[in-house]
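Common to both upcoming complexes is chain A, partnered first by chain B, then by chain C.
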Partner chain A sequence: MIEYAVFFFFAAVAVIFALMVVLHRNPVVGALALVASFFALAVMYVLLEAPFLAALQVIVYAGAIMVLFLFVIMLLNLQKQREEPTRPLQQFLGYAGSAAFGIGLVYYLSKYAVMELPAGPFIADARTVGIRLFEAYIFPFEMVSILLLAAIVGALLLSGVRTEERT
Partner chain B sequence: MDRTDVALEALKIAIVLGALLNVTPIMVWVERRGSAMIQDRLGPNRVGPFGLFQSLADAAKFFFKEDIVPAGANRWLYTIAPMFGLIPALTTIAVVPWGRPFVLRSGRVFEPIVADVNVGILVIFALASLSVYGIVTAGWSSNNKYSLFGGIRASAQMISYELSLTLAAISALMVAGSLRLTDVVWKQTGYFVLFGTIKLPAWNVLSPAMWLSFIVFTVSAFAETNRLPFDFAEAEAELVAGYHTEYSSMKFALFFMSEYIAMATMSALITTLFLGGWDIPWYNEPPTFVGFLLSAIAFLVKVSFLLFIFVWIRWTIPRLKYDILMRVGWKVFLPLAFVNIVLVAFFIARRWI
Partner chain C sequence: MIPTQWFLILSAILFAIGVCGVLTRKNGITIFMSIELMVNAVNLTFLAYARQFHQIHGLIFVFFVMAIAAAEAAVGLAIFISLFHHRATIDVDEANLMRW
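The block that comes next holds the complex of A and B.
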């Protein structure tokens, strides 16, 4: 019973803050709202008996990535901006596309989502996740690392070109 | 989970929270007297014996100060920011074991830890990584350029040093083979035997593969808690008072508290990971109340010693330059932490530790 209460409370928190990310004019408030939403999502993982994933969710997304986002937003010192929509057609297509995606997602989830837990003990501790990652999912894992490496090389190239020009 | 369990759990929470909340006044006194000692001054010595009640007087003063919100500030975030800073600092201690478990008369085992979760260390890092938001939010919502600079510096510094902090902790976890902090402590209760005669306690700091990560972890802990020589978020010589320039009254006091509580938590973490936790060297604590009490005192002594080191270093080493901070973090400590992981892995593979 108490699990339901916790679930619905944090589900509401996650949705409300996610909406705030999209709707709020101020980018700093948006970033902080996204942190709150991530934290509520981590509570969902705890409810699913995956505290390892919950901790990783907070460390990686709320703790590292969003701090970087905030750093960039604050460094650019964005003021409140209110731009008039200049391209009405594109704006309409954007709304229509995201609405279609949302409806499709709800439809798919209500039709195909698994409502019952699979039988047997559910283990998602560090050891199990690590072994699965390095045995069954080694290929996607390596692909992701190559993608990240490419991003790092790209960032180095972008930041390195400017210093060459200066010297 | 019956009524006794709930009562015991409430008792543990009360002990831990009581200890943590009392850290601030005591540490403020230690800091002021310690700095006076180092600088050949007297320090606060008027209120109570040795000036011990000075902190209480200060706390009372904070309550009576006017609580100012700057006109251009973002009122909501400005109010939330101090709480954002304090809550992670207070909750982190929940997964740190602070004494040897003992058997109660009813046969129940009393584990002196609030929450013995199997991802203990990750919970600590998750909460520690959230603590930066208090500083960043405070810096931004004050609508003051010095505050903003403080917040920006804090976010860059914390990201940089969190990496080496985490990587240094990983080596301790590799040795213990578990993310659970009680396992890390139990692993350190044995002995290293040198030349078949000298018995050294099996604390990680004394292990041949681990002292490097102890150094990396301790220095990164100083940077994570924003203490001198790494307190660039405040840097009173450059940024007035950094992120809390605009804060007054109890809002400022909350920042003050979270700084000292974060220091205490970091000391507890260093103790647990590297200094054997509650282990008393060359003594086998019995699983009784006496053993628990002695081990808890040992834990307290180690944490107090580390807290004193925090004060000692603050008044000995001047603040670095910001570019040096960044260079040292990324080009010295991060590679050292990586090298250390490989070293520990090699030791474990050869079954030397």
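The block that comes next holds the complex of A and C.
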């Protein structure tokens, strides 16, 4: 029973903070709300018996990526910028379309995606994930490291070099 | 043990919220954060199915998705910094040079 209570509490937290990301005007508040939502999702990962991924979610997502977002928001001083509201038609179509999409998806899942509970416990700790990662997935792992290197170079090129020198 | 279906429903709700953010906002960074939200919703689906079918491949995919989201965030934010230097705004409607 305590498991269900934890699930519903953190599901509500995740959804409320996700709504705050979308609806709040100030991007700093949005970024902090997204961090809170990611923490709630990390709790979901623990409930799904993947503690290693939960730790990665907190460290990499809430720690590294969101700090990057906040850093850019502060660097560009975006709190002072007034965001123009979108056109009413676009706003209506956006809300109505995404609501219809979400309701349709939830309806489909609650009607057709009913599965019996998995047979036994499935503990995916760091050891299991690491062994599989470095046995079967070693090539994609190296590819991701090269991709990250390319991303570093690209980010430096896009943001570091002064534009006057290049044009 | 919580049924897999509930995790899928939570993931669907978060994904729909992310879609809503991309469609209705103009601030580039907020759109980016909505995309991160959608990525996380898909990660939750991956983990739910990984537990359901006792497959560890789902976890490995979540690992790769996190790495690629980090790369995407770095490059995307660099693009926004560059855009801000050119236009002094990150309103995505102002970036219309390549628009048809």
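One rule holds in what follows: the second predicted complex is superposed on the first by the 113 of 167 C-alpha atoms of A that agree within 3 Å, B and C clash if a C-alpha of one lies under 4 Å from a C-alpha of the other, contacts with A are read in each partner's own complex, and residues count from 1 in each chain.
Note that a residue touches a chain if its C-beta (ideal position, glycine included) is under 8 Å from a C-beta of that chain, and two chains touch if they have at least 3 such contacts.
All values reported here derive from a predicted model rather than from experimental measurement.
When both complexes are overlaid on chain A, the residue A:G97 reaches chain C alone and has no touch with chain B. Of the two partner chains placed by the overlay, only chain B lies in contact with A:A126; chain C stays clear of it.
Once chain A of one complex is fitted onto chain A of the other, the partner contacts of A:L32 are limited to chain B, with no touch recorded for chain C.
In the overlay built on the shared chain, the residue A:G63 is in contact with chain B alone; chain C does not reach it. In the superposed model, A:Y45 lies in contact with chain C only, and not with chain B.
Counting the residues of chain A touched by each of chain B and chain C gives the higher count for C. Contacts of A:L75 after superposition on the shared chain: both chain B and chain C are touched.
Common to the chain B-facing and chain C-facing surfaces of chain A are residues 52, 56, 64, 68, 75.
Chain contact summary for the complex, chain A toward chain C: residues 3-4, 7, 11, 14-15, 18-19, 21-22, 27, 30-31, 34, 37-38, 41, 44-45, 47-50, 52-53, 56-57, 60-61, 64-65, 68-69, 72-73, 75-76, 78, 81, 83-86, 90-91, 93-95, 97-99, 101-103, 105-106, 109-110, 113-115, 117-120, 122, 124, 128-129, 132-133, 137, 140, 144, 147-148, 150-152, 154-159, 163.
Residues 74, 77, 117-119, 122-123, 125-130, 132-133, 136-137, 139-140, 148, 151-152, 155-156, 158-159, 162, 179 of chain B are the ones touching chain A in the complex. Within the complex, the chain C residues that touch chain A are 1-10, 12-21, 23-27, 29-30, 32-34, 36-37, 40, 43-44, 47-48, 50-54, 56-57, 59-60, 62-64, 66-75, 77-82, 84-86, 89-91, 93.
Across the interface of their complex, chain B is touched by residues 26, 28-29, 32, 35, 39, 42, 51-52, 55-56, 58-59, 62-64, 67-68, 70-71, 74-75, 77, 125-126 of chain A.
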